[in-house]
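To keep things clear, I will list the structure first and then write my remarks on it.
Going by the order they are written in, the chains are A, B, C, D, E and F; count residues from 1 in each one.
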């Protein structure tokens, strides 16, 4: 199947569902990324774009679609929905991952809203969590023990961001491992990624 | 994999997840049922037991475990948990379905609580809905279009219950079809069963 | 009393509360509709307007107010609130129905937000559900068994939309009947419409 | 219609819905009360019973049914449900009010659970709030401005309880007036009682 | 510590957290206010500004920052976030209070959203309630019994607004006292203000 | 002030709030523990009791109260409430911590219910999380960076339990550190414990 992961900024996707995407790619599914903004408020735009492209290769993605929006200015109106619909028409995904709508970052909130509209005919639609997510309600999980190294490598590709957790002495890599343990115990495995599925067809 | 469906009374399982179970059985998974009570308040106990056994055959289940509890008297304390743990130890399921905890029937509420404890090490744990369920929060679905006839046949096996919807002129079969359409549109298919997953490992 | 039903597009009102409105009109209450957009993305604008006017006659409404907004572009800012306040000032409703705020369609979300503001002094304010609604929390109901035919006739007036459910072989009429059964069982009647009341004065 | 108000202890009903009941009685509806316990942990049992009977007269109730349970010991199992079903069979109510299930008092929690089962075929089922209620989610209201004096008189009939708010210098009467203002502003009236309806048939 | 209270219009802050702010100021903390709009739709702008400045003196605030936005037109996009970030950079608060996001007034909703973003690095972030707030979920409280007079004095400074509750015969002062009693009983004190903390560091 | 931490089994308290308790004890507050069961289903009862007593010393607690209940059999009825009330009367706490009510372990659920009743007059009442907690809604936090070693030492005192996480190769110590990072980022610190406060008086 075709899987589309949507993120507001470079490294959102890797943090939220990098392990899950790696597993899908390893099993032969076609993986595509849509990154709405180049994240120029958090680093040099060109650097962040190239970090994202490198991370996409590590995940095994076929292509990164760039939204071209200004960092911190993702809009709430129809234009972003249209842009996402264009990508969805091209990729024809049956599964979509995106930022959770309750988040301290306005871009994450707005992207989640727009994706809720644009993905309305896609059968599997799930939200992932990032460090700025609030009140996340996990209801499904992926066991990422065997691909944790890949997830961390993909996160590490975002070299300019690794130390930017706003907590001294805590890298995004350490935080990702901690989160994987925290969510792992809920999924009865050692390392997991957690999701809030809006709708998901059981593979029965 | 081994799948265990748990219901408070005969026909709860068929209404809540009969289509999904049929699909799992058709794909070669081993299907087991646990029915906590013989439903003697809603009909003759022997009749209801034999109707349930017949429905189990239609679903393709290997075995029905009977809890032996009195209808309307499912307990909240440890004994019911122990009984469920015994069955889980024997069946070794990786996926479990059970009644939703918010329901007007005390047996459904109590069974959901007990199952929450007994299934704590099972990776996939989902609640299904029945007509007495309240405030159901669906987050995953199964497309049951191809097995709707089987689901209805399994429900019809509960001959003594088919007309008992408390609504004149509305059979449980009609209601099941209506619910399948209602949930289908949410899942972007014609007929669906809806679930509230507590935890579910994505098949990634 | 005066009742105002607000919908984003032609046929939202009929699907969400057409039966309830029919009952109010039959009992002598004055019924008004506000339709924010002509729905030009889902069909010819002139056709959809005339279908809506025809449906309004079937429901027994006195007048349809047209918002004149572009389909898919209902705004989040004050202008839409002002427009609704103008209509409320003219109609002086004591009861208002509108789309639910959690929905895959941005117009439904935005309209629900705007209506939450514009209706702030109206004592009875309720949300209805349509097929794109998510996580609907029903807390009150209308028995529509005696007016189901009227509701279906009003839906059928939207000829250009009847087959557009995005599910092959499932018309909006079939879906409306299924939803009426599904909500009916919750209300202990055969056919019901469900509402989420924000505030409602009990007729005590 | 017949209205049944259910309370765990003497004065729960008067605090939670005394104004609403007064209005129903004034309009000619038949009003019945069920009080599960005589409240012997909060005062002399005989005194509290007679206070409750006096309050019932003030509200205009036809009869008080006494559950006879020990204060603080309302059970979670079927016996209480059976007792409520007996009363419902006798009274044949179309509307039922009861304590909210999230409350610091175990009797209120258990009674709400039991009533959820026992009232399953009654079309209008609402929860009221008392001072020990937590996380109350109001979704409908009654304007009690014209009957506030009656509500306060009914509360005052519980003479042994009036000063027992656990707050020095704050009587239950003052608290009831404060709550009526607090909920009134939400209902756009001066004094209101608030309810959480589980299901309510709109009087359309 | 430095405390920043944020309100959409003059008198929001006083109603929502005037008692709490008074206590902080009395204990030597530095208190700052940000008022997004001069409230020109509810009265003369110059009058409302001067009322707000007077109220700030009563609370013991050091300074009022004015957002300069048009009443009813607070934006959802980044500009308001930027403005709040400027103030936060200047004030360096460790505790922030703001309007709750579920409210019938669009300015309150939009301000709550913007503040959620702008305050993302501030350790203590709490929402307060005002009369137009909906579905408020209180989880912490302040005992304001000793400063209720100050709170009322600060509210009274907004002379042009005192009678504007949309309820005849109910002043904002009476409503504030009623709310303080209603929330007080939940906090086990006579008068309280209630808050919904998003995050709060326990003073352990 | 006096602080009382309540846990169902040995090591629940240390996992859920060991860091927070250490900080309170270090600042001179009086710390008491109530452990409902000796946890005999998870190890030798005498060993677990002595581990708990050792952990209590590490936390700086004055005394451990033992409930004496059988592991997995904590009751839902009044007896447990009475037992907790006895301890509360003796300790006179102004702050209480206890297991969260949504949990896969029935003892945690039942204890949370009983504590909700028994603590009804205590002004500060908070739930903590443990690995079996579900759907935890954090709304306040403690920075435990400076006392993490103490928390881990207290957990390590429960030698018989350290490896029992049901995840191969993951000790309770590693999990506690991961959870502290995961909750830390939400509190804007490196290591935190998270709480769901039911009510908490702001230290204003």
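Please note the rule applied: a contact is a pair of C-beta atoms (placed from the backbone, for glycine too) under 8 Å apart; a residue touches a chain by one contact, two chains touch by 3 or more.
Keep in mind the model is a prediction, meaning the values are calculated, not measured.
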Matching residue numbers in more than half of the contact pairs is the bar here; say which of C-D, A-E or D-E clears it relative to A-B.
C-D
Chain A and chain D have mean C-alpha positions lying a whole-number Å distance apart equal to 50
Let me have the rounded angstrom distance from the C-alpha centre of chain A over to the C-alpha centre of chain F, please.
34
Residues of chain B that touch two or more other chains: which are they?
76, 121, 134, 166, 186, 188-189, 198
Taking the top-of-page definition of touch, could you list the pairs of chains it picks out?
A-B, A-C, A-E, A-F, B-C, B-D, B-F, C-D, C-E, D-E, D-F, E-F
Would you mind writing out the residues of chain A in touch with chain B in their complex?
20, 23-24, 27, 121-123, 138-143, 186-189, 195-204
Footprint of chain A on chain F - complex, ascending:
131, 134-135, 137, 165-170, 174-175, 177-182, 184-186, 188-190
Tell me, which parts of chain C touch chain A in their complex?
72-73, 75-76, 104-106, 109, 132, 134, 166
Residues of chain C defined as touching chain E within the complex
76-78, 81, 113-114, 116-117, 119-121, 198
